[in-house]
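Common to both upcoming complexes is chain A, partnered first by chain B, then by chain C.
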Partner chain A sequence: MSSAPAVFESFNARLLSLEEVGQTFVSSPFLPAIASPNHTAVLGPRGSGKTTLLKMLTLPALLRWPDPSRDELLEKMNFLAVYVPSSLTWNADYRGFSGKQMSAEASDLISVSLFRHNVLFALLDTWREAARPTLNHNKAFAPFFLPIEATAEADLVRKLALHWELEVEISTVGGLKAAISGRIRLLQRLSVTAAHLGIGLDQLLAEHKFLSAHFLDDFSSFADFLQDAYEFRLKLALCFDEVEIAPDAIANSILKMPRSIDQRFFVKFSAAPYVGVAATLKEASIPTQRQDYDFVLLSSFSPKETRGFSEALFGAISEKYKVYQPSERILGASLIDDASKEVTTFPVDRYGAKGAHQKRFNSLFEHDPTFRAYVTPRNINIDDLSEGSENQRAALIRKIIWPVLIREEFLFRQEGTKEQARQKRRFRSTDRVADIYTGAGSLFAICEGNPRRIIGLIEPMIKSYHDRSLAQKPGAVQRSLQKELIEEMIAAYFALVSTVPISGDIAGINSLVDVISRVGNYFKDSVLGVEFNPDPVLSFIIDEKLPPLLRELIGRGINIGAFVIADVSKAVNVPYRLGEIVGLKARLSNIFAPHFKLPLAGGRTVNLSTILERRPRAGLQPLLQLFGEKI
Partner chain B sequence: MLNQLDLLIISDLHAHSGDPRKSNAPSYYSTNSVYATPGTNPLVEIPALIRKAGLPVDWIVCPGDLSDKADASAQKIAWEHLESIRIEVGAKKLIGTTGNHDIDSRRALPDFDPKSALQQLNPDFPISLPCYVPNDRVYVDRFWSNNFVVIPFADFDCTLLILNSCAFHGYSSDVKVPPKEHLRGKIGPLTLAAIKTATANLQTRLNVLLVHHHLIKIPFLDDNDSLMVGSNILLDILKSTGKQWFVMHGHEHAPYLMYSDADFFAPVVLSAGSVAAKTWRVKGGHARNQIHHVSIPLSKIEPAGVRVFGRVTSWTWTFENGWKEATGDGGIPYKSGFGYRFDGADMRDRIVAKAQSASPGLLPWAEVLRDYPKLEYIVPPDRDALISLLEGQGIRFEFDTFGVPTRLEWRIV
Partner chain C sequence: MIINGGTRSYSTIQKRAFQLFIYGLGFESRSTKIASLLQPDTKIFALKMPEIRIHAYDRNVRFANTRGHAVISDFKDFIDSVLPTWFERRRSGHVKIGFDISSLNRLMLVEILIQLARLCREGDEIEVYYCPAAYEEPNWQFPQIEKLGPINPAFSCFNSDPTRPLCLVFGAGFEAGFSVGIISQLEPMLSYCLWGTGVDRRYDRAVRRANFDFQFTGFNTKTISYDIKDPKGAFSQIESIVYGLTRDYRIIIIPMGPKLFTFLAALIGMTYFGDVAVWRVQHSRISPPDSIPGTFCIGTALDISLMKEFSALAESANTEARTTLALGTSDLA
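This part shows the complex of A and B:
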């Protein structure tokens, strides 16, 4: 994997070619669903892998993907994928540096035409990629082969140019591409002159007839062309990436496409989970789960679901440094590794006498009377929790492990004499990340299967392991380094969150950081309250009592990954409607867990309005608290 | 006789010891090793570039201005650097000639001896080649005493004429007092007469002139009349040999490939440009720090030497980006040639006929070259002219990244 080093240095798949994506792709459990022959909406926050997964459907990526499951996937794909990246330059106002504005209709017209021509580029590129002779040498790829013979190229290009109403300088694929580029340049100039000269819609359409052409017609004519020229019977999947940054007119068109598009096409798009423009669509047009699109949500509510992928990505990163050790050898085990894996047997060693968990249970039992009051009636042998390991008591113990660890760590864990240990319950004053958030399992849980987070947080640790090995200093990555990197990531994340704007005034809320802080502290109080709570509140419902502006802010928080929503694709009773977050269950991202001293596990749910109705602590100014020393 | 002669031309280094990034630095070639990285020093990556291109090199040729403003230390380092490049690329010879910046014409050094630094260079300047016995320095001495030297290369059936166009620099170098010798190149009457005698009975098929100053004006460059004095007579002498000469020069910092004029024996003139000097925009929008590989297929040149053919491969260097295949119109394109002069209208009609017979399909340019293989040996201005003529007859072109035609299509005009 000679190109892997450069690839892992690019955290954003946007910057990678289709071939690079394929060459370094770590198999994701979401790929089969996204590759299914349906209209698909791929939803996920930043860094969750949306772009990578869409690009993986393309021929260049699949050709370079060395995974043994590739051919099987291809056999199930009865479509040729056309990848269409999003671009801010689709917006006609992108070049509005003059300060003058076009009319909204003219702006939309030019935006849609810019988008249309970029789609033509994508269709043309797809055709060129499908013309590679290597496809025909592989049985799995042969159905997608669309040769461009030298003797036939001119004729094929003329036909396509006719379909798309393009004038080509020379009848080659390159000439067709140049013609599309020329149109885009013309549109870019029109966006400036139309604004300056106040040219309206009528005049634009009269002078430039191609502006009235629609990309839906281009898709159909392309499909016609393939059928006529190649007797191509497979479908085409139009894969639109990052729809949330597309101009509204275009996003609207994409979202409504399944209801209007030629049956020879599938539509797949990626977006952040909360797509604001969907809320502006007419009721009947809002894309709905299983009716228009199959929704695939890339963020997972449960760390268990992401452990396998996280390990696989960890392995791929380690290869770059020629480190071939399991994650627990490199990062050390975390206290909750058994809780985060699918274990079928009770881990006797940790829960047995003098095991890591037993010690903590014992410590809490000794110092926390409310915990004693909880445990005693349940006949749990605090000295040996492994007793009766296969019964309900084991399930009970496993269920409360996180609250126990958190309380013991932050309320009572201290070195010193027994006398000091009998002191009143106190919060540890240090802000440093606690040990329980380090080690393989905890780190993967913090990253939540988000590839960008995994690369950003864990790659430096792997590098450190490699460097220390070279310096003859073997051993797992130091916990101090792990904590330092977690702190840095948390600080960077808060900095990012602090940039999310509020559209208007929301009583009592100044920023998204405010909301996060109040939710985080509410959860923290639930775990670290006066009384031991075996089932603390660790998630919330986005309820109807929340004002619209606050819901919008929560939506932005979801998009940025601050909140993780439950898997909408699994909604059984009421199909999820894109953009409608009321009623959804959500939690704080695990990245905040070390900061708010929260478990890396699920918990009970309350309405978000209930959380926010609680008055914030006096003197608590979240931004100042977070950045105060650095301001 | 060997099959071909391959030259790598690296001209006008203008070496200095300062910071090449400063705006007042004369060139990007600093002898300070701190700046010896591919993005800041154009010479660093030349061996790797040639290796990657897979091109053989027989001679490294430097048409002068090794250093800037007669900086003797920089000059020495530059010459040694070129020698190390010669060794790395496996070339047999390093050949140079005097540039105006190589001579202490303005008396910068304390002891007035304008050409002494060049005379002390190792390996010998302008060429390290024995005439009769090893280390006899005969050719070196002739160069300095006669202001030129003629050297035969039997294995290439080649005569090399190295000319010192800076022989008068340093004798009258006051800008306020004529004749201001240091401002332009010059070949004196005595030298011209000697060259005429020395080249009167040439028998070699390939005849090459290496000189610093330009013999003809470059069309797009205003050079304030710095044309070499005596260049017109020199050109006449070269033509009178009845052979077509290949001339390489530097000085102008503007790469260009052309014929001196329309005469049958007009020499091919390659203005090498500068590998490192800081330049300004004169034509086109692209940088013009270039080096050139010239490949002369000796077997294609008739023994009489009336036509010289060659292929030129050129690269352009830019600060921080390093070397790339030359593109754009600021210099010599990546792939070009010289030697074939044709009737433009006639060639146009032949190609149009071919394209019409291929219509409605496309005609690969490779097929045109198959029928007219000498079109590989046309200078860039002639190629541009041919393309223009063809487009005027309804031919549409597809070009590759380097501006070379790949396919044509004929359309009714």
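This part shows the complex of A and C:
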């Protein structure tokens, strides 16, 4: 019961050991940037692989990573990584209970001290991991080897305990760990009693001197210790995970660390893209791209950019089931696959007389008078889209593929006579998730390179393919199963979104689900409106007209992955400042596309305030509207 | 913690001779159901819930006033003063206390249980009642979670091992997407979803539906049903799960679903004082539904000696806290 979940059964690297992360790591294009000898901020929404990437910097993970590029990476790493995991206990919200509350100062003090003791655990673990004899057997790892000889352990432990002002009952590494654990329990009790009894900062400090110690001093003393004991000259990379859940007092310290810590350290932290607390810092203290940190954004505005990684992860999961087939064989081809192949292998077929796109163009042309009105003056030969050069197709046809596909799929009845169909413009009563969202390309686009989504959504499909193969039922995974799993994922995602708290009263906005619904419906109307729109609105600017509380809510939406922002790390003219989201371009996550009937592609941009000014539809949120009788 | 429990017909309650009875006075029709059956010489405290004048609220308040119930508006005063005073002034001998949890909020429910554990004496009797509501179709909106955290200082797992991974034990209710959302937010290594069944199949279906057919894809979650009509059996079931987990996990119980589960969770919190957390989820309700009493209620007799053991542990923790912080006389629990 206590064993960790099997690899890939857990979608969350937090629950995996460092070794398990290393063993299953699928090479990410972001790793070299994160492993570079700089202060680094790894920004990404939930499930984007932040924790995995930070854990990959540690010795146990690298030791187990069976990749030929590993030693080359290690050679460039002139630091020993100290991975500091996040903990719910840091967060005062989760510690506080109804009724009496601790003063903010006392609460911060407890939070920082809890964090500090987590840091001590991390330093201790790093030291212990660096003592593994196997490190010394590998040339690439040897510089990181810090042996703990049995005869020297007690002396070393006493030195560390002295540095950290801990009383150890037994002078072993285990004894030191027990002392830290005891401190955390004491802090937990202090947290409860101080809140309940209304104990203030002064009294806490008077009774417990250790509360005033700061983790920055612990880092320095640890570096001193390594220098004294081992003449260790490499740097230490302090890798803080999930800074967004840390209380402000801790997050502030981490964000400002590059300016306050000495040259023996690199600071690397992971956080959701919107680090709200950064915006509360003094103007000059706000961490800025390149000046303080190198920002690495793990999400991509264009799903195409993530296809390579998605395929690699797909391959790794398939291997687990001993399935060695390309994704399109297992999941079937999608319309995206059709579209992308147009450029490479099938330059004519998709647009030829029997091509998938050709049929859809024809069908829409027949049913949608506004589409006919758009096509006719542009001299597009609707009977042969392959006509003309590639450039002409790109200009005229490829740019409207998605609006055409979506309108054709959803807008017009295909039952009855053609005349009836022309007269009755209404949403087709298709399944809750349409076929156009199934198949390899669409599924990868929905997952947007987010490892947790890929594992969660696609692994059951690979398993099904495997099981069917064993049962002698060859063929791609059924579309019905794909649609069912997509539905489940969307429902669970909406449930997650509904846990995002809304701070204060925001005029007319009830929740993040509400914002998503309004944006999604606006986009939907842009694609499926009365008139054919060749360039529908599918993204928005987080503009200045939005009230601060709403911006905060949008920030939380970005963090949870509901909105995807453009890559801030590539901002050229004005370096991106952490926590600043006004002016950023964003779109809805593709996970919502099947629900709102949206293209899996980008589109025109308008201000978010313009979208939210529009009167919302009545009864937008009911679960029954989302998934009918299914759930 | 539970001596016996099961369904009770309303007619049997009329025969119970309580010296003290406590219930929540709110807008639900079931709020006054059991109180209306009590013998006239019973001392009855009606704890006024926040004034939401919908459904049966006005009728319930009129009822409490005309029957001479002591209507309590200041809950803190009730806990700190009114209830202790009643116990101080009680006549010698044992008392029988009735406690209807049906329409109380979860915070009050837990506080009262803790206080009763402290004030009761060996030989006293405590019976807890719960009226399952008659079925009404849920509104299927995603509720907005406003706050999540320990329900009470005593149930904040202040003594648990910080290095252990998190395990959630939660009761499943018919709030759409609630449990999925909370698991996704807290990301435990392991979860147990406890599904109360047996009252009405339509409720069972609604709970299944609101919890996406218990498909917690991506999370290591085990779903186990318990019989709402058998609180003793349900307690044993949950207690044995928690017992098996305490060695390896940091356990948080999140009592969603029927109030009865909150009651059971509080008893588990008492049993594993300091080691198991009981949390509360505060969420928005745009239009809270009425709860009409069903055809029966559920009654449970508590084991006073075990309640007193919890109380002694809490007192010991208080003493330690006072020593640690050189404090006066306040209490942890």
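Annotations
Following the convention adopted for this analysis, the second predicted complex is superposed on the first by the 553 of 631 C-alpha atoms of A that agree within 3 Å, B and C clash if a C-alpha of one lies under 4 Å from a C-alpha of the other, contacts with A are read in each partner's own complex, and residues count from 1 in each chain.
Following the convention adopted for this analysis, a contact is a pair of C-beta atoms (placed from the backbone, for glycine too) under 8 Å apart; a residue touches a chain by one contact, two chains touch by 3 or more.
Since this is a predicted model, take the numbers as computed values, not measurements.
Using the contact criterion defined above for the overlaid structures, shared-chain residue A:291 touches neither chain B nor chain C, since it reaches no partner. With both structures placed on the common chain, the touch criterion links A:87 to chain C but leaves chain B unconnected. In the superposition on chain A, A:150 contacts chain B only, with no contact to chain C. Residue contacts after overlaying the shared chain place A:185 against chain C, while chain B stays out of touching range.
By the touch criterion defined above, A:212 lies against neither chain B nor chain C after alignment on the C-alpha atoms of chain A. In the superposition on chain A, contact is made by A:498 with chain C only, not with chain B.
The wider contact with chain A, measured as residues touched, comes from C rather than the other of chain B and chain C. Contact with neither chain B nor chain C is seen for A:134 once the two complexes are overlaid on the shared chain.
The contact surfaces that chain B and chain C form on chain A in the two complexes do not overlap at any residue. Here chain A touches chain C in the complex through residues 1-2, 4-5, 9-12, 14-15, 87-89, 93-99, 121, 181, 184-185, 188-197, 199, 203-204, 207, 452, 455-456, 460, 485, 488-489, 491-492, 494-499, 501-502, 510-511, 513, 621-624, 631, going by the rule given at the top. Remark: chain C residues 107, 139-153, 156-163, 165-166, 176-178, 180-182, 184-187, 189-190, 209-210, 212-213, 215-220, 244-245, 247-249, 280, 317, 320-321, 324-327, 330-332 touch chain A in the complex. Interface of chain A with chain B (complex): residues 150-151, 153-155, 158, 169-172, 174-175.
On chain B, the positions that touch chain A within their shared complex are 360-362, 364, 396-398, 407-409.
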